[in-house]
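Below are structures written as structure tokens.
Paired with chain B in one complex and with chain C in the other, chain A is shared by the two complexes that follow.
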Partner chain A sequence: MFERLLEEAPLFFSYPNLVFILEAMGRTLGMTVIGCTVGFVVGLMIAVLRRSTSRMLLPFRAIAIAYVETFRRIPFLVILFIVLFVIEPLMPGSSLFVIATVSVCLIATAFLSEVIRSGLESVPEQQIEGARTLNFNSLQMLLLVILPQSWKMILPPAAAFIVMFIKDTSLASQLGVIELTFAGKMLVNRGFSPVLGFGVILVCYFALSYPLSRFAAYLEKRLASS
Partner chain B sequence: MHHLEIKNLSSSYGTEKVLQGVTLSADKGEVVSIIGPSGSGKSTLLRVLIGLTLPTAGDVFVAGEKIDYGGRKSVRSLRDKMSIVFQQYNLFQNMTVMGNVTIAPIKIKKRPRSEAKKHAAMLLDKVGMADKHDAYPEELSGGQQQRVAIARALATTPEILLLDEVTSALDPERVNEVLDTIRALTNEGITMLIVSHEMAFVREVSTRVAMMDQGQIIEYGAPNVIFDAPTEERTKKFVANILKH
Partner chain C sequence: MVRHADGSADNAEPVFLSLLFRIAGHQHHVNHRLMNYTLQFSEVIDDLPYLLAGAAITLQIAFISFWCGTVIGLFGAVAKVYGSNATRKAVSFYVILFTNTPALVQIFLLYYALPDAGILLSSMTAVLIGLTLNAGAYLTEILRAGVISVRRSEIEAATTLGMSRLQLVRYVMLPHIAKTIYAPLSNFFVWLVLGSSLAALFGVEELTGRAINISTGNLRSIETFTVVAGIYIVLTVIASTTLALVGRWAFRVKAKVF
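What follows is the complex of A and B.
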């Protein structure tokens, strides 16, 4: 087997193949980054919305809760197919990458909003009462008191989720998005050894997620001591 | 006209009636202490006054103006004039000592930063924390945190200051530094409502003392009357019990 690998290696690591793999890696990274960025921003808004007690916002709160509770319980693959069959007739010709990215956004928003919500809730009630008696309004309370104190509770699990999510984007290969996993499959189908093909894919996934895990660990350590 | 006037104030947590028609008044610059057994509603009274707990009945007047606790505007203008110091200090953990004392003047009252800092430095000096401007709350002892909390409450230049068992969470050897700080404030013209278990201190600084039990004020008078010649049986018992220790 080892000889076969050595024999195939020069062919496998040809310039077009490397570009092909890097492009696929870019798609995996793109889906994760866009999904988690949108997820973080929208998730934060949902988390803040769910904390509000205003009666006017009650219907929005109900929708937010229903959304979060539903999407956290649907497998990612199922969301991919739902989004595919909803978006296709609405916007014909949407690329598979767009469909997969929308799916990633939907699921990342649901999960990250829960991470953020529990982070916000970790700030003791006394902090909020102190701010209220000093006439802080809701936004000032959030920006000046609650958020600065909840980052250390939010960032570590959020980073863990994102690292995990890099792997889950492989399910988009089921749709035909040429991300890392699908790229591996295609290379193997062209006749390259599966050990070589998927071995390289493995290294690519590792290269994406390991630095992020290290960064998360660093953040956790720094935030814990501040 | 009284500076602070409380009429028939009631409040409940769920079905439990914590305040049952409290009536109390304080003139400008007066130091009124509220004593009484645990669970008698002393802290709740202060929480209702500052608008953290809603009253179910009764009225509160500040300088003759009736407070509408359901109305945002009324509560805002109330909190412009009234500050509270909590038992657990409630300092903002993400801000330095200086940050804690200047945040409300700068962000809420929109005072110039340099002016707010100058005022804060003066207040921190007054509470004996002049050398700790850049420390974070978690680096300070309870007594130090509480003194910063007092400076923070004063930074918005309140006319009325509420002190809610401010020494109860402190180590015994830290109690006096906080009491000394409060003592120094009592002749600055700020109307003070003090909930405390430090009877010697209460007796010394108060102009009047209110004895509270089961959500009501059962006796209200000069400290020497409340401590030496109470008329109510429950006051007699409470005072006798406390002074024994």
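What follows is the complex of A and C.
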């Protein structure tokens, strides 16, 4: 086994292969970054919407709750398939990357909105009462009082979830998006040893997620003590 | 895919291939489909018993990997808290490695790379081992939080009061541990139910695998996967409700379902 690895290593780490793997890594990162950015923005909107008490917004609140509760209970793989088969007739010719990214957005929105919501809820009631007494409107209250105090409750779990999304994007390889896992499969299909192919891919994923989970642990420690 | 198997296990590719063919086929009559697509659930409903049997296999996978993972996690947590420096480092390495890489790639390694070393796993075994090792890593972290939630002073107080070792565990340690770990533990079980869907990619016929089987037959993909999504929702809601009730009854933990 080891002779085979040594024999293949120079061939495996050739320049085109490395570029191929790096491009795939970029795609994995791209899906995660786009998905999490959209997830954060929409998730924040959903979280704020769920805090609202106006009766006019009741149907929207119901939709938001239903959305969050369903999408947190469906496997990412099934979401990928559904998005694929829905988008495919609606927007012909949309690339597989787009389809996978939309799926990541959907799932990231559901999970991150829950994280953000519990972060917003962690702000003590007195703070909100104080802001109301000072005649803040709801937007000012959100931007100047609630959000600045809830970041430290939101960021550590959010970072943990982003690590989860990085790992979830590996399932997009089944659609044929040339991200890290699919790149690994292609290299193995070309005849490289699976130990080498998937091992290198594993290291690549690790290089993407480990800094982030260290950052999450650091944030948790630092923000908890302050 | 290079895999020197007996052939029956070699079915990680068809999912992806059949999807690609279907996309190519759709491009021609897309406009018709856009306007005229009507959802028809009848064929999927006919296959409901088949899907539900798949759901049972999904639960089996989740249960087995959860309990085996708990055993690993228990040892890992105790080793991480009370172990020597070297054991602590080894356990940390295992946890960091498995929590920072996708389960799919880990199982690929087990499934395609181990045959090089002369170990040939069936797809089900590979998935179970992969998920168990994954679960073990996460549960080590969860259970460790439980173990360190018991303060030394409380144990000392209990010994001072003359509690026996059994009483100490039952009345002092267990409530603390249960309270700390119950919510993450039940969340993790739900995660495992969802995560076991990747077994489909190795040809295991659990819920998602059966959905893929059906949809390649009846070509009602949207309907099939919607129904399957519904089954997953029902499964996880039942699981978290049961766990919340058990937690309330046995450990007086107020766990939330939603």
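Criterion: the second predicted complex is superposed on the first by the 224 of 226 C-alpha atoms of A that agree within 3 Å, B and C clash if a C-alpha of one lies under 4 Å from a C-alpha of the other, contacts with A are read in each partner's own complex, and residues count from 1 in each chain.
Keep this in mind: a contact is a pair of C-beta atoms (placed from the backbone, for glycine too) under 8 Å apart; a residue touches a chain by one contact, two chains touch by 3 or more.
The shown structure was predicted, so the numbers you read here are calculated from the model rather than taken from an experiment.
Chemist: In the superposed model, which partner reaches more residues of chain A, chain B or chain C?
Modeler: C
Chemist: Going by the contact rule set out at the top, does A:Pro148 touch chain B (first), chain C (second), both, or neither?
Modeler: A:Pro148: touches chain B, not chain C.
Chemist: If we overlay the two complexes on their shared chain A, which of chain B and chain C does A:Gln126 touch? Say first, second, both or neither.
Modeler: A:Gln126 sits against chain B, while chain C stays out of touch.
Chemist: Based on the superposed arrangement, let me know which partner A:Ser14 touches: chain B (first), chain C (second), both, or neither?
Modeler: So A:Ser14 meets neither chain B nor chain C here.
Chemist: Which partner does A:Phe136 contact after superposing on A: first (chain B), second (chain C), both, neither?
Modeler: Once the two structures are laid over each other on A, A:Phe136 reaches chain B alone.
Chemist: Using the superposition on chain A described above, determine whether A:Phe198 touches chain B (first), chain C (second), both, or neither.
Modeler: It touches chain C, and chain B stays clear.
Chemist: Mind sorting out which residues of chain A both chain B and chain C touch, each in its own complex?
Modeler: Looking at chain A, the two contact sets are disjoint.
Chemist: In their complex, what parts of chain A are in touch with chain B?
Modeler: 126-127, 129-136, 140, 144-145, 148-149
Chemist: Can you tell me which positions in chain A touch chain C when the two form their complex?
Modeler: Those residues of chain A that touch chain C are 1, 4, 69-70, 73-79, 81-82, 84-86, 88-90, 92-93, 163, 166-168, 170-171, 173-176, 180-181, 184-185, 188-189, 191, 193-195, 198-199, 201-202, 205-206, 209-210, 213.
Chemist: With touch defined as at the start, can you tell me which chain B residues reach chain A in the complex?
Modeler: Against chain A, the touching part of chain B is residues 50-52, 76, 79-80, 83-84, 86, 88, 90-94, 103-104, 107-108, 152, 156.
Chemist: Where on chain C does chain A make contact in their complex?
Modeler: Per the stated touch rule, the residues are 1-2, 15-16, 19-20, 23, 26-27, 30, 33-34, 37, 96-97, 99-106, 108-109, 112-113, 116-117, 190, 194-195, 197-198, 200-201, 208, 211-212, 215, 221-222, 225-226, 228-229, 232-233, 236-237, 258.
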